[in-house]
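Common to both upcoming complexes is chain A, partnered first by chain B, then by chain C.
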Partner chain A sequence: MSASTNVGTPSVAAPRRGTAGMIRLAVGKLAVGIVAILLLVFILGPMVWMGLDAFARRWKSPSLLPQTWTMHWWHTVLGGTQLGHSLRLSFEFALVATLASCVICLPAAYAFGRSTFLGRKTILLGLFATNAFPKMGLFTSIATLFYAMHLMTTALGVIIIQLLGTVVTMTWIPAAAFAAVSPSLIEAARDAGGGPIRVFFQITMRLAAPGIIVAVILSFLACFDEAQGTYLVGSPKYVTMPTQMYSLVENYPDQAAAVFALVLTVPSVLLLLAVRRHVMGGHLAEGFQLK
Partner chain B sequence: MTPVRSDAETTPGLELAGISKVLGGRVIVEKMELTVAPGELICLLGPSGCGKTTTLRMIGGFLSPESGSVRIGGKDYTTSPPEKRPTAMVFQNYALWPHMSVAGNIGFGLKVRKMKRTQIRERVDWALDLVKLGHHRDSMPARISGGEQQRVALARALVLEPQVLLMDEPLSNLDAKLRIQVREDIRAIQRRLGITTVLVTHDQDEALSVADRIAVMNDGRIEQNASPATLYARPRTAFVAGFIGAMNTIEAAPVAGGAPLADGSVLPVEHFSSHDGDTIGIRPEEIIIDTATGHGAAATVDRTIPRGHYREVVLKAGGTTLRAFTDASPEPDDRVSVRVRTALVYRDGALQTDSAQPAPSDVTTGSTARPER
Partner chain C sequence: MRWSMVAMSSPPALLVLVFVGIPIVIGVAYTIGYTGGLNSIATSLSVAVHSAHNGVPTWAAYRSVLASARFKSDLVVTVWVTVLTVAITLVLAWAIALYARLSGGFFSRLLAGVAIVPLFIPVVIGAYAIRNFYLNTGFIVSVGRQLGVQLPQWSYHTSGIVIGQVWVSLPFAVLLISSGLAGVPNGLIDAARDSGASLARAVWSVMLPMTTIPTVIVATFTGVGVMGSFTVPYLIGPTAPNMLGVTLQTTYASYQRPQDAQVMAVVLFVLAGGIGALYVWANARAARSSAVLE
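Now for the complex of A and B:
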């Protein structure tokens, strides 16, 4: 918009644009602005609505704000449901599933990242297969298998189903991180007298750590928020926070679900903030400016 | 200057006996023999793909040879992994660990050796002093300049007191001015510590200025292994002659009185290394330009290129283009006469010598292309 004030006073630094150019610039800026606002409404709008709904007693259209406010639903959700229990269960399952995923996927990631072998590309792409089909269809066929293996409504069954969703993240991101460690850095450490195991932990793992941490946190969040599979395999014995949502939506007014959704967001947001501070903060990234 | 070279008296610092390496179905190094005396600095010089880096990696233990053996100080290390070898490598890209400080990088190998903390500190300080980087002790590698990174890499190698120092194109990532300074530093430190060193380079200037001996490599073989002066004065093969310094090549056999030019006239040559061959090589500084005509083959000055304390002159003589180095300052289109002091004669790429012939004139005197060390 500031460009329009320049008309008639051409400066040396910025040569005068034609009128057509000015209009094009203004239209472009306007378009970008509109898109930005639309995106903001699209992303934040539902969350604002949900936040307001959590405190509403009566909220009828066309009014923009609830007519009457209340903390009633918060008391219902925090007191009436087994929130503490399901929260703990969610954390436990997510933690165990993520650790198991590390044990299974990180060695595979190392192999994908640091060596070439026959069928490497095919296997890497094959890992995507779990994401290519509708989740529910996949889970129902898994359920048949689980019944046969007596894994239904067992903790192990829930952990396996959550782990399946993390395989792609835990393989692809660490594989890229391992591949990015320059071979000469590893050779230099061997040259200085480090044995293969020491060099792996002090150089290779250390330099791939940012990528691995990102993968671990993304996997943990995926496990923590996993609802469909956990509901199918775990309920009614193992009720995690996301599966509790299902019964809340069915049995309570939508205000209660809004409260629960907000509560469910908290751990995810906290974890994402942690990632931002430790991984994207630049301290680790700085090290990679070396050629 | 040159350390003891007699193999009978001392065990060689490094000995490669018939090592070969095949990579991807291609023979990279073929039955290579190389002996390096203790304290000697040898350059492996050659065009890219000649096998020089592969050889270095076999000495360091990053590749294992298909055949032959690697002996260091008389001990066989052919199958040892890098961490078990008394070698230390300076990598082309320096390979400093980005998550460790300068001191951390240098001290890593000492920590691995379970040295005491105070002792590590002492050794790291010694190494930092050696490369004059005491002020960057706690800097991160990404924060210091390329030349400084290079010196950290050198300190990291030297702090381990290796029996053999390996350097893979250590100067290729530095700008031209810094390169000359750093190579002098490397040479000074290497001499002070008396450490057996193998330096890989494709830059003949670098090799000529730092090496005690140069092994010129081509196609996985050593073409010639000699001191810089010998290499320059008596290149054993046409490949070496073309790779080290400038050389005028006339593809013809010597005739009575000199070398035949394109139009059949004769360029007078005082000494031929042999009278039997198919190619004549003439160093630019062996050509004498006489401003008076009649003292040799008639020639016309085509172009002169100032090279600092001497000039490079491009001449046309009898239809052949010759390059000469001179202290005089002829102008383009001047008519001059040229003759040659010494010419080298090759047959099938190999230097021919008649035993009765006198040695070629000393190249370190007169207007040579090579600055004296």
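Now for the complex of A and C:
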């Protein structure tokens, strides 16, 4: 069930001769082209528009480009102390939450991927509960518990909120990766005299690594981008970059918010570019089909 | 051996049990009037609560919330946005994935690659960029004016919310459906074509049935995600009526009525429960059919 069994594409465009056929083909191609361009504008347009805004000094409405340009907003935002602080806070929270998620979820992913035991399916589906409940409803429920446990506006509370958002990703995707390691390979390695620990690290872990890395990076980004829960539990004491964005959007000029937004996008884009091939290669999709 | 596996799998299960299971139980208890115990701090922070007397649950909170006009209009918006977003996302993702699978050319692969871009961008940023893009001063209206047409502003409007939700949901949908379509063997498609099936027929009768599971997964995850979302409707949507996620937050934090917020959360849970059941059913069906194959 891998993409590699389908090299090339099926021979769909069975050629039909004749003028009518040619016209139909041309019209079809044109329609596909127009839809595709509309889609490109839909997906990329807003980001490009915002990117222009970050350098605009004066931009009067019906014009499609700013009239005059400036770097002023970059100096304002990058020079502000708030930004550095919330950026560091975002990284710290996301790192701690992702590490905690690895420690808690990866052994479980191994268990789910490499064995069947009573209650396995129930637990897998139970974890899905974190995704099955609408986020905002869940967060207000959690906030009630957090008040009782004195976790509101604490760092631990924020970390737990972010950690919860990673559980499904960090269990399901690595579980699929562990499951994909062929048992015969492991047996062969054991037959050749490899101890269980050595086989685990040199065979199992190495083969499952791409799936695990995808899960780790997606989890880190989920934490780094988490805004709703962090806003509810952490503010006003812990303001991470995404939560800062809420107030920035309301209280600052558009250009400053645009600069801030671009800065906030950089880590995500860099990290995701690093794993783009693996994400596109199906590790994400594999993880979401329960086996 | 088996027990070590159970032990290894328990930490995330415990985490979810404590921080998802318990909150939901006490949250539901809160809505029917059990305002003491773990709920007492939330109660002390509230403007008003409906409390149960002598352990008899009260439905007063439900009555007051469900009767309010604001809640009703918000619920309608939430359901509509969810249904529309799921439908549009599925159509777009299918179109993009199918185009890439069948054409395989540079442009189609570029499109499939670009469709993943929103995954790279924090939701807050995407929502903010989308709001400005569809504002009166934004790209769409500006292009219209250049051409002498007055186009509507979609930001601060329900249609803007749907646009934002589709944008956010598209990458996951494209990834899963592409992966599903990659699993359909070329031989099957060619065989259908050779025996005289039109391309549309081959897609409908061969590719669609073999991609049902990823499609259902996309629909459920998108549906649940949209239903409980906050950022997109908060930034792009109108003040009122807006989606329940936004109203929940303001009811909880600004109006200081955690009990009412909790009632709305329960309504969302019930709606999502239906969608979740669909997901479990689809997976069970998939497990059965693959068991038959093996």
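As a working rule, the second predicted complex is superposed on the first by the 253 of 291 C-alpha atoms of A that agree within 3 Å, B and C clash if a C-alpha of one lies under 4 Å from a C-alpha of the other, contacts with A are read in each partner's own complex, and residues count from 1 in each chain.
One rule holds for everything that comes next: contacts are C-beta pairs under 8 Å (C-beta built on N, C-alpha and C of every residue); 3 or more make two chains touch, one makes a residue touch a chain.
Since the model is a prediction, treat every value here as computed from it, not as a measurement.
By the document's definition of touching, of the two partners only chain B reaches A:I203; chain C does not.
Using the contact criterion defined above for the overlaid structures, shared-chain residue A:A20 touches neither chain B nor chain C, since it reaches no partner.
Look at A:P242: by the touch rule set out above, it reaches chain C but stays clear of chain B.
Between chain B and chain C, the partner in contact with more residues of chain A is C. Once the two complexes are overlaid on the shared chain, A:P107 sits against chain C while remaining clear of chain B.
Looking at the shared chain after the overlay, A:K135 reaches chain C, while chain B stays out of its contact range. In the superposition on chain A, contact of A:A189 is made with chain B only, not with chain C. Residues 284, 286, 288-291 of chain A are contacted both by chain B in one complex and by chain C in the other.
By the touch criterion stated above, chain A contacts chain C in their complex at residues 1-3, 5-6, 8-12, 14, 32, 35-36, 39-40, 42-47, 49-50, 53, 61-64, 103-105, 107-108, 110-112, 114-115, 117-120, 123, 125-138, 140-145, 147-148, 160, 163-164, 167, 170-171, 224-225, 227-228, 232, 242, 245-246, 249, 254, 257, 261, 264-265, 268-269, 272-273, 276, 279-280, 282, 284-286, 288-291. Across the complex, chain A is touched by residues 1-2, 5-6, 8-13, 15-17, 19-24, 26-27, 30, 38-42, 45, 92, 95-96, 99, 101-104, 107-108, 111, 113-126, 128-130, 132-133, 136-139, 142-143, 145-146, 163, 167, 170, 172, 175-176, 178-180, 182-186, 189-190, 193, 199, 202, 213-214, 217, 221, 224-225, 227-231, 234-235, 244-246, 248-249, 252-253, 258, 261-262, 264-266, 268-269, 271-273, 275-276, 279-280, 283, 286-287 of chain C. The touching residues of chain A, when paired with chain B in their complex, are 182, 184-185, 187-195, 198, 203, 206-207, 284, 286-291. Contacts from chain B toward chain A in the complex involve residues 60-62, 81-83, 87-89, 91-99, 108-109, 112-113, 140-142, 149, 156-157, 160, 173.
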